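Please read through the structure below; I'll follow up with questions.
The letters A, B, C, D and E name the chains in turn, as written, and every chain counts its residues from 1.
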Amino acid sequence: RADEQLVVFAAASLKNALDEVNKACEKDVGEAAKISYAASSALAKQIEEGAPADIFVSADLDWMKYLSDKKLTKPDTEVKLLGNQIVLVAPKDSKAEVKVEKGFDLAKVIGDGKLAMGDFKAVPAGKYGKAALESLGVWSSVEGKVAQAENVRAALKLVATGEAAAGIVYQTDANAEKGVKVIGVFPEETHPPIVYPVAQTAESKDKDTPAFLKCLRSAKAGELFKAQGFTLLAPTQ
Amino acid sequence: MNWLLDLSPDEWNAVRLSIKVATVAMLVSLPIGIAVALLLARGRFWGKTLLNGIVHLPLILPPVVTGYLLLLAFGRRGPAGAFFADYFGLVFSFRWTGAALACGVMGFPLMVRAIRLSIEAVDRKLEAAAGTLGASPLWVFATVTLPLILPGMIAGAILSFAKAMGEFGATITFVSNIPNETQTLPSAIYTFTQVPGGDEGALRLTLISIVISMAALIASEVLARRVGRRMDIE
Amino acid sequence: MNWLLDLSPDEWNAVRLSIKVATVAMLVSLPIGIAVALLLARGRFWGKTLLNGIVHLPLILPPVVTGYLLLLAFGRRGPAGAFFADYFGLVFSFRWTGAALACGVMGFPLMVRAIRLSIEAVDRKLEAAAGTLGASPLWVFATVTLPLILPGMIAGAILSFAKAMGEFGATITFVSNIPNETQTLPSAIYTFTQVPGGDEGALRLTLISIVISMAALIASEVLARRVGRRMDIE
Amino acid sequence: MSVLVDIGHRQGGFSLEAAFESSGRLTALFGPSGSGKTSLINAIAGLIRPERGLIAVDGRVLVDTKEGVFVPRHKRRIGMVFQDARLFPHLSVAANLRYGRWFTPAAERYGDIPAVVELLGIGHLLDRRPAKLSGGEKQRVAIGRALLASPKLLLMDEPLASLDEARKAEILPYIERLRDETKIPIVYVSHSVAEVARLASDVVVMAQGKVAAAGPTTEIMQRLDLLSHEERVEGGAVLDTRVLHHDERFGMTVLGSPAGEIRVPYLRAIVGQPVRVRIRARDVMIATEQPHGLSALNVLAGRVAAIEPGEGAAIEVRIDCNGVTVMARITRQSQHALSLVSGRDVFAVIKTVSFDQANMAAAPKEQFDA
Amino acid sequence: MSVLVDIGHRQGGFSLEAAFESSGRLTALFGPSGSGKTSLINAIAGLIRPERGLIAVDGRVLVDTKEGVFVPRHKRRIGMVFQDARLFPHLSVAANLRYGRWFTPAAERYGDIPAVVELLGIGHLLDRRPAKLSGGEKQRVAIGRALLASPKLLLMDEPLASLDEARKAEILPYIERLRDETKIPIVYVSHSVAEVARLASDVVVMAQGKVAAAGPTTEIMQRLDLLSHEERVEGGAVLDTRVLHHDERFGMTVLGSPAGEIRVPYLRAIVGQPVRVRIRARDVMIATEQPHGLSALNVLAGRVAAIEPGEGAAIEVRIDCNGVTVMARITRQSQHALSLVSGRDVFAVIKTVSFDQANMAAAPKEQFDA
């Protein structure tokens, strides 16, 4: 039963890392958690409707705030766990070369193609990307060429298949995709910090929850997260 | 072959769960689908257009919306959810039963349409003849209408099953993606697509899903052909 | 009412685009659907099971997978995409045509099933009679079979239309979500659902989508009833 | 044992306004195509809900629009043989036959499957599907199916129309037995004067949705005016007689009637048994003197009761043979040659072989019981 | 103008092995239910592909399994009236009628819609859908539809079975006209001896999937052995005669035949016109001396050619009347009483009114042209 086991609701992009962490932590926690991966939005709404989740790991701060505003998380357990970077990618065979800086000629890189990114209203990576382009002053020059994908992975696929001329995705995704190459990294200060927060839900009853939260911040978990390209925002314990 | 079947326990569970969910969704919605198709094909009542609309809703709405509406209605706090929990001890939220519900609902318009088309093609004169032979409307239905619409029922059932094997949006929105509980094949496939290096896993599960559905499809065709051969058109 | 229709220009475009996409998807897939349904209902050829399987694929696969396969095949670099671009000047990627393609493909199994059921219910003796009156197989089809399967065609068309109004996963994966070009209603709704506090916007667009689909549904029912009344069963 | 119908119903441009009452064992509905025969029995069976009126079978009210009574068809226990066979395509012939039996309380069943199968000659078809039967075979199965439902009233809509003469002749005696040996009234739609004359105790003549005439067969059959030109060929007198004795030597049966003895081909009937014979007007000659050296064996003495104009060259002569009317159709030329006038003593001459099986049958019993 | 069929075909347990050739204008297929009549014409129409054999119409090979010839049905220009009407349910009656015309080259069309509508009495039905027609109405429309496709061969599968006598009589002359005035051969399935005798130039008798006999109607109709017991009632001689003169006074027509003059009810025919009459054996009496004071007007002198045993009390007497055979059915008692033996001079006595319209018709032309 889901009720008897620790249940973690986590943003889907964390799957690789969290699966390994879960395995590594099994001994310390006493059991393996069940992890349900989906879009942060869906998970947040499910928790709102009484989902039997003990821990919520969101891909952005907005959905965590959505829950904490409704008193559905335990505020004292909320931690900014991981960080990430967004990068500009192009298809592997692309000849585009560019330096990401204020006013750089992104439009030229795109040409008459498209710039793929996550839905910039809904998908965190999209939101960060748009903010970065705005602060670099190039948003208006490419706004009409943006193809918004359902999620950042779909955006990555659009670039990998050569469908889009360029894309803005997480560093973690870009590293592992052979079909694309990174042609630039967006400086951290150009966009709001990319944060994966974690918190225990208000209705969490499973006794192992604190142990799992603790393990998430352990050194060995940190190594595993870093191996997937994430940065650690919370000090390891 | 080895590569294809070299699945993790969670993946095996997803396969098993998907078959269970699709089968239950199909079987449970079949009688309801027949009833609704009958109402729509034969009934003359005030809210018929409305009923027809409601049946089609899952088709019209983005799956995510359907899933969300199910969450609101059948969730732990939803009115329908409370009703079923109280009176039948049947809990949908974050259980495989909820996945079956979501799949059943998503496949419902397809099933109803197929059955309804079959019902509309039935020669009502045969039913009249059965009536004069002493069969009450219920018996007429069971012994004449039902056998005559069998091809439509089979078609409807297989559509529902296939839809359930592919349904993702409503399911993951409604009951999330909990391994061994609500993680169906499509959800597992989705999870793979969301991470670097997941493509192979996604492909593998997709192939398994196709194999299962194709087997069901062929079985249904064979069944339908046998039924059809028996009947021909008089 | 004001609240409902107080849409941003992008939203209006999404409404208009969705209607266009759904209509085109329905109209273009109808003749193909009829042909495939005929093949499946009447044909006896080697690859029939395979064809049947392929037709059902979009139902079986998670929409995202279908969208990705479309991307691979009909994308700028895909073989089918190149073919259509070179020979017909028809580009799908990031165009509304691609959205229509995705919607058409997703609705195709539903359409084919409905038409096929109708074809299987046609009394072939009537076709034989038409043949003796001098009608070639093509004419028999046009003047006897086609009118007799009209209810199934209407049902298939409306299923395809409704599906297109709700299709999201394959569309957004294949042609992404470009306002005014590929942002259909479901994409717009999806965006709203992904933002905290977007529920109201999602609800508004959902209601609009429902109204449109219901109108189409009622129109199809009226049409089918008129056709049906004309015919009865002899 | 009676059928009472008084209904009004419109369908499209056609309006049915029919009232009749029959306590006969077999009531024939007779009339041209489109006169409303099928509509009428559909109303009796409960397949049409008439706009107004009353239908009662055997005292049981099935429809009474004034009282809002409408017994559903499956509770009427009315068997129906349709003009189109309407077999269940998904069931084998055997299962089609058994169908109605499921719904009949065991105590009320009559007839048994092997007998009906044997009679209708459908034993070799039992495992087939209806789609693989010829037209006549379908209709035979349909008759069997209706019979085996053990109905309390049997409606038959031209059940023999698509059967050949041999099959018809085989099935007719069974219908007669049904009529005589069970208590089930039968309403029988037919185009055939011969069938009607042979089977019916009562006839209802339909024309354009209305009842043109109704009454006992013997009376109606004499009213040649009710028949169309072509049907008139079949018209004539219907006599109810009894078997006097058999003539073994020549294979004949001698029937007694008030008109005198009538010699007919051998009949399987015991002495004293009632037999109905139809003497078609066209088969009757008139002689003014006892004929000699003529093969015709039946010579009935009588007196010309009336001479009615016929069609074309023919006249219809009504001959009163000791209280029984025999009709003769002869030419005006013969009338002239024989100087026939009303009141003249004549002989009605009838060949023995004109009494073919189709014209003779066990008389409906009540005619005699009454 | 000929039909040549020689095919073998199995369906289920039934096997059809039929060969016949007919250059008659109207070839009747006659046989009991299930004997394969429908299967045979289905093969001619191209609805069944026979396993082996040859079918040719008018010299045009339609099927030749040896050569692999199989002309598709729509290129055969063979009109068919089905046992079940098979009207198009989605089309009005008018559109059903017009259907075949679309596919007929204008130059090859014959017949016109108003005339056919008028003839079949379906003018008031034109706007209806088939579902709202009575059984007979459907069949009439089906006949019209086939006719209006202007076929080169017309197949009719018991087209009149569900029509009443009046309609039958109305339609029969039109079929005769079709037979005589156009060049279209007709193959006509019927259960009715009367219809066959009246219409057919040639008859093919089917039994259990095989051709039991085939030949000109006049010959086949005398072979009473081919008829079942019940059909024998209808058997007799078919005579081809010519109109000699009309007797205006008594409304009669006098026909000339080698056997002598035959007086029949007035016929709409010009002097010299060929007329075929059927004289049923049951209608013929035998007299050993010229009768007196008898209403029967036709007395043909002849000689007993043969006496054949009949059924039961009856015998069949073949009378040679100056080279023409007339059949008489009388009782053995009469034979005994009249001491009838082969070679004896007798008179065949026939009532004028036994020549009813159904037994007389314009003879198929070629019988005379030949």
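Simple rule for what comes next: a residue touches a chain if its C-beta (ideal position, glycine included) is under 8 Å from a C-beta of that chain, and two chains touch if they have at least 3 such contacts.
Please read these numbers as outputs of a predicted model, since none were measured by experiment.
K.L.:
Going only through chains that touch each other, what is the minimum step count from chain B to chain D?
P.N.:
Tracing touching chains, the least step count from chain B to chain D comes to 1.
K.L.:
Where chain D and chain E touch, do the two copies share over half of their residue numbers, giving same, or under half, giving different?
P.N.:
Mostly same residues: over half of the interface numbers shared.
K.L.:
Which chain's mean C-alpha position is the greatest distance from chain C's?
P.N.:
Result for max centroid distance from chain C is chain D.
K.L.:
Between chain B and chain E, what is the gap in Å from one C-alpha centre to the other?
P.N.:
About 61 Å separates the centre of chain B from that of chain E.
K.L.:
Report the inter-centroid distance (CA atoms only) between chain D and chain E in whole Å.
P.N.:
So the centroids are 26 Å from each other.
K.L.:
Counting in whole Å, what is the centre-to-centre distance of chain A and chain E, each centre being its mean C-alpha position?
P.N.:
Between these chains, centre-to-centre, one finds 90 Å.
K.L.:
Could you list the positions in chain B whose residues touch two or more of the other chains?
P.N.:
64, 68, 125, 190, 193, 233
K.L.:
Mind pulling the residue numbers of chain D that touch at least two other chains?
P.N.:
84, 132, in rising order.
K.L.:
Would you mind listing the residues of chain A that make contact with two or more other chains?
P.N.:
Expected reply: no residues.
K.L.:
Could you list each pair of chains that touch one another?
P.N.:
Those chain pairs which touch are A-B, A-C, B-C, B-D, C-E, D-E.
K.L.:
Which residues of chain B touch chain C once you look at their complex with the stated criterion?
P.N.:
Checking each residue of chain B against chain C gives 49, 52-53, 56-65, 68, 109-110, 113-114, 116-118, 120-121, 123-125, 151-152, 155, 159, 162-163, 165-169, 186, 189-190, 193, 202, 206, 209-210, 213-214, 217-218, 221, 228, 233.
K.L.:
What does chain B use to touch chain D in their complex?
P.N.:
125-126, 128-137, 139-140, 143-144, 147-148, 150, 230-234
K.L.:
Quick check: in the complex, which residue numbers of chain C touch chain A?
P.N.:
64, 68, 71-72, 75-78, 93-94, 169, 172-173, 175-178, 182-183, 190-198
K.L.:
Residues of chain D touching chain B in their complex?
P.N.:
My answer: residues 45-47, 72-80, 82, 84, 86-91, 99-100, 102-104, 129-132, 145-146, 149.
K.L.:
Across the complex, what residues on chain E touch chain D?
P.N.:
Touching chain D from chain E are residues 11-13, 31-34, 38, 83-84, 124, 128, 132, 134-137, 140, 158, 161-169, 191, 193, 228-231, 233, 247, 249-252, 263, 265-266, 281-283, 285-289, 291-297, 312-314, 328-338, 349, 351-354, 356-358.
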